[in-house]
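There are structures below to look over.
Two complexes come next, and they have one chain in common, chain A, joined by chain B in the first and chain C in the second.
Let's look at the complex of A and B:
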């Protein structure tokens, strides 16, 4: 069943593979909704609770328990469908997808089969160079998540070689929306980039809709990447007339970077299989973040006969057109348009804006600017100093307890001339340490630029007198040598001087201005 | 509708993880055949204008508000588990050895 799991697969150089084959993608994204309760019962959905403390007869699949649909989950599903330019079903049902797996206590997953709540949509995704691809959406349907298994006895905590498994059903029954694309064709060598950009655009859209935490590392957004290769069309033949190849489905792809790498790897691997004259096996493959390869999982077979049938314990979902119209009115400005509007308002370059988007800092900067900071300062603090500290500590900037209004206040203190940059960073330390607002921290720590011109002039004179060689160089026109003098003046002033002013004074004194 | 074969029944039993002896298989082919014949009769009268029904109640949109209700305690949840470890349901190995 898993015979090739440990085999090392041959790969073909990526560019080489693209010369001979045309890749086709299919992306399935599962989104955990951020509802307070599960899809079919009132159990809480909070992440990280003690095992098996958010479970009840419904989500444990105990006999006689009856599911009832979460109203807000249906609304979220419809809003996602609308945001993806989908049609919304007038009437649709849930279905049972029957299979056996310990993380699914009912022995079926309540899902939707041939009647998804949303269908036939599209999402435009922009690549880094600004090129836009339209990805067609086949469907978005409602279903429920499974429990979580801990595999015991294996060397690596993996399922292979495990002796037994321990299951926590807290996650079982959390509402999921599965969003499925139509085959993505015509993207050629950009397939890995398109896959990544699609998931990124979807994440941004879902975040704007506020329907999910969309944290890939916590599993609230998960991507399965289907990849197939077909031969390149011969001269004069349309590529679309060439039949699609056999696809593989790579699971466990839980970061944007992994989506790109996994698709790229599968293209190289399948090309090697085809080059060797062998058929691609239709199977599930597992992505390994550490080694950057996929390995064979389940081969699709009889066991995949899910015997779907309409769920008899639930009545149909039939959203009225009025309800759909009301939900449509709640849709946010599309993220792409919003980004362009904000970039124009803030005067950021394309590169700066991309950094801000990638850092997930658009909202933070928007709030910081609204609170009175300049756009440049807001960007500098959130994607510079704070992002750097967050990276260094492996934390998220949101966890620092620093708010947009703190940053706006800090920027105000710098702009009014009370603090210089290094003092502002010290104040930030205090704010992060819970010492209060920036003004309170600056007051308590006695941080304020010396406004006394006389003291600054005295320090400048002292430093020039102590460094005649350097002073001579500056007099001779080597203005950059003044840097050493400025450093010493700042030291004399114990950091509490305006470095710009110090520089000006030094240059004036030495006649080099 | 083609009759249900013995292989069909064996396949379904496999999917449903039900171990059937040869004698039981033979019995089930006959019993399931009777059920299918009965359903086939219904199909004779179900004309195109009659939509398939999955539910006897003429209802739609039965929902509940997204409000948390008390869950079971872990002790209650695990009370029926054959084996428990680290407050989790302990289950046999999921995949067969390679």
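Let's look at the complex of A and C:
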């Protein structure tokens, strides 16, 4: 089949689909480990290096070269397994997965087959409304990444229509952990949310373990979403007794939002196929972020046979009980428990905490509070001002060059009375512009609240005198009317006054305090 | 004829140490010998005269400067073309690697260079070490120096023939099922397959990873021991390499003692299918050991009968995967499919593999691909691995009764070129006695027992020892070698026909 004509799939309204079918998920997540060197050789793993500069006879698969297992990668794999509540194999082997592809130097991938390093675990994931689902983990196994093909010419960047292809083997041999769930059943209409929440929870866990950069946009965390539909159980029948339908595997799902959208789309698409009385084809599908649809990739026929066999160039991995116990002792506090603890420490409401988690700002706030800011101020800056600016510019807050210690310093300047909020925002502009630390920016820009009580009192008196009507209202008990006077005082002071102090003075003068 | 080339490596080492000969003289003599006879023998695929002489000069300079040198420094060596050599072509006897020059040295080669052995060149072999006659080389067969119409054994016929024809005092071979030992037997030389993991496989282009092992090809047991100690020992680049000291092989070869040694004759490796003269020479050799104080008993290893069948499932399975990397994408031959305007990568891969691999390689890739296929794996590969375990147990039980096992190395003497090319099964049977050692990972040695009465061609005896007891091979081998030498009055190769330049 050629890719010249892309058929537009029919879809059924999502709610309609859910009335007739029960969705079942299976999620396969590939995580690139952040080890300094590759899985089976000493080459560097840095992202973004010039093509084919981080290669050697081993990861290029030159004749005669042999792999040697990266012990650090095995440790990371075991820690991931333990954090996912898995059992750790006492003895396991690598296996060769044989298939021909130009980006795979040996034309087999060194992976694990029926002896994964970790198996039988679970991860509890919390949805936005606080409901918790337990996702069962089938296995987590070690393997090596492939190189990257770059297809030149043609419109799509895909192989079809390309003039020629270039291969970069820098990525070949980077350690990967593949984490596979058992079929996720019983989630019904919430399947897309569960898929997203699972990947988010996994990402949070892996980040806490410090084993991966987990940057979906750079491919250090990649998700393949398997979706199938089965008929709704009829009267007296348990849903789990209804046989599973044929699944599709959607690849190229590179953001949390895409995970949710891709699953949702597949449910609607497969429902339309089944409604039309046709069978769902077992195939790989590609997710298109721009159009929000999946399209057919390669058909996964029964003929696909990877001819797995134990890798004879490597010795078995046999971690001792002591090693596993030592690694277990290095596990971080589980993210869910940690969130609850931090929420208590910080005094956030459930809603506030959820906003912080969804914004991915837990670590930032923790570091900011550690650096001396109040929890309220830390949250206000990161999920308020900075998040707003990031959204407006389509960037990530991490890209601003603003650190938790900057925010703590800024909060200190506000609390000490040197800056008011609007001045603090100007200081933030300077910090983002690379002008220095908040104190340096405030100094350089001459931003400081006027501390001269006399000047403030004079301004207050002037404004009261100029607005007798408003002053009368305040005297009469309408305290909120003071706001108009405060604004004018601030204007008189060219913004460099403490609004709180101005308000107090006005109320004092008018006997309304 | 050149006298220098008739010396053993040990003798050359002595002459070099005393200053009687220089490394350049020794290397030059061998290069001249290669130039003289290799047109007939065709043991070499590539000769590196310049590189070898440069290495020899360096050794002479170091010696002149009083530097401490390895005992074999300055003794030249030939290397089977299956080991990666930096800056020297490495073809594995295949068209598909024609022109490939590795950017790195195999660990074995790096150790040879570090010890100061000038590398004369790369020796011929059956393509990717698949064969027992060296006729499956894409670059033409090697001929047996005893009779140029006959095969030198395989796959490492080039290394054994080079040593037998005095083109090199030492050579490196590799043995997956018998690519060192039967060639040694049919050329009247010594060949050793060390314990699996005893010599690094890094840079050895894999045929079957779990079976391959590099080892010495020489004209004497002591020379083999000296070479073994250069190339042996742990290598962090090979996960399957054993992290233990090299067994005391040189000491064992010098001691050459079999007094009180228990020797087991393997019942299953002999008898029917073995040439009468091969059997006769073998039995005489065993008698010599008895005369020297060894106790000889017959032992049975019942599962050896299934070794060949298991081997021809495991080897092709691993080979089908190991050889997948030869796909024209990164190095080696690239063939574009005929009549296709814009071929895809897959079409180029297919066309290249079709043109670049010979029939025997294709046969084994197909066999292995089939054996690993879903639905057949358990019946073939899985079952073969079980047989492998049973064979290892046979060895364990046998070595509870005896210190070493012995058998004829190959069932026959060298056959004529072309005789078995159309009969793969008959070719495979040449390795029937040597394969069990590879399946179990135990070490084995072949040394000459004499020439047979019926054809006047050399036959060999195989000695097998438990894993990491390679020193026992050298003890038995050196003792038997001395007894045979006393009997013959001169080395066996002195009886080989004199090779002269023909048509040169």
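As a working rule, the second predicted complex is superposed on the first by the 452 of 513 C-alpha atoms of A that agree within 3 Å, B and C clash if a C-alpha of one lies under 4 Å from a C-alpha of the other, contacts with A are read in each partner's own complex, and residues count from 1 in each chain.
Rule of thumb we're sticking to: a residue touches a chain if its C-beta (ideal position, glycine included) is under 8 Å from a C-beta of that chain, and two chains touch if they have at least 3 such contacts.
Model, not experiment: these values are computed from the prediction.
Undergrad: Just chain B (first), just chain C (second), both, or neither: which does A:106 touch?
TA: second
Undergrad: When the two structures are overlaid on chain A, which partner does A:315 contact: first (chain B), second (chain C), both, or neither?
TA: In the superposed model, A:315 contacts both chain B and chain C.
Undergrad: Counting only touches as set out at the top, which of chain B and chain C does A:162 meet: first, second, both, neither?
TA: The first partner, chain B, only.
Undergrad: For A:63, using the defined touch cut-off, is the partner it touches chain B, chain C, both, or neither? Pick first, second, both or neither.
TA: second
Undergrad: With the two structures laid over each other on chain A, which partner does A:331 touch: chain B (first), chain C (second), both, or neither?
TA: The answer is neither, since A:331 touches no partner chain.
Undergrad: Using the superposition on chain A described above, determine whether A:98 touches chain B (first), chain C (second), both, or neither.
TA: both
Undergrad: Just to be sure I follow: which residues of chain A are touched by chain B in one complex and then by chain C in the other one?
TA: Correct list for chain A: 57, 60, 62, 68-69, 98, 100, 102, 165, 167, 305, 307, 309, 312, 314-315.
Undergrad: If we count contacts the way the header does, which residues on chain B are in touch with chain A in the complex?
TA: 11, 14-17, 54-55, 57, 59-74, 77-78, 80, 85-98
Undergrad: For the complex, give me every residue of chain A touching chain C.
TA: 57, 60-69, 96, 98, 100, 102, 105-108, 165, 167, 305, 307-309, 312-315
Undergrad: Taking the touch rule as given, give the residues of chain C at its contact with chain A in the complex, in rising order.
TA: 83-84, 90, 92, 97, 100, 102-104, 106, 201-206, 208-210, 236-240, 317-318, 320-321, 324-327, 329-331, 345-346, 349, 369, 372-374, 377, 381
Undergrad: Quick check on the complex: what are the chain A residues that touch chain B?
TA: Interface residues on the chain A side: 1-3, 5-6, 35-37, 41-44, 50-57, 60, 62, 68-74, 91, 93, 98, 100-102, 149-152, 159-169, 302-303, 305, 307, 309-312, 314-319.
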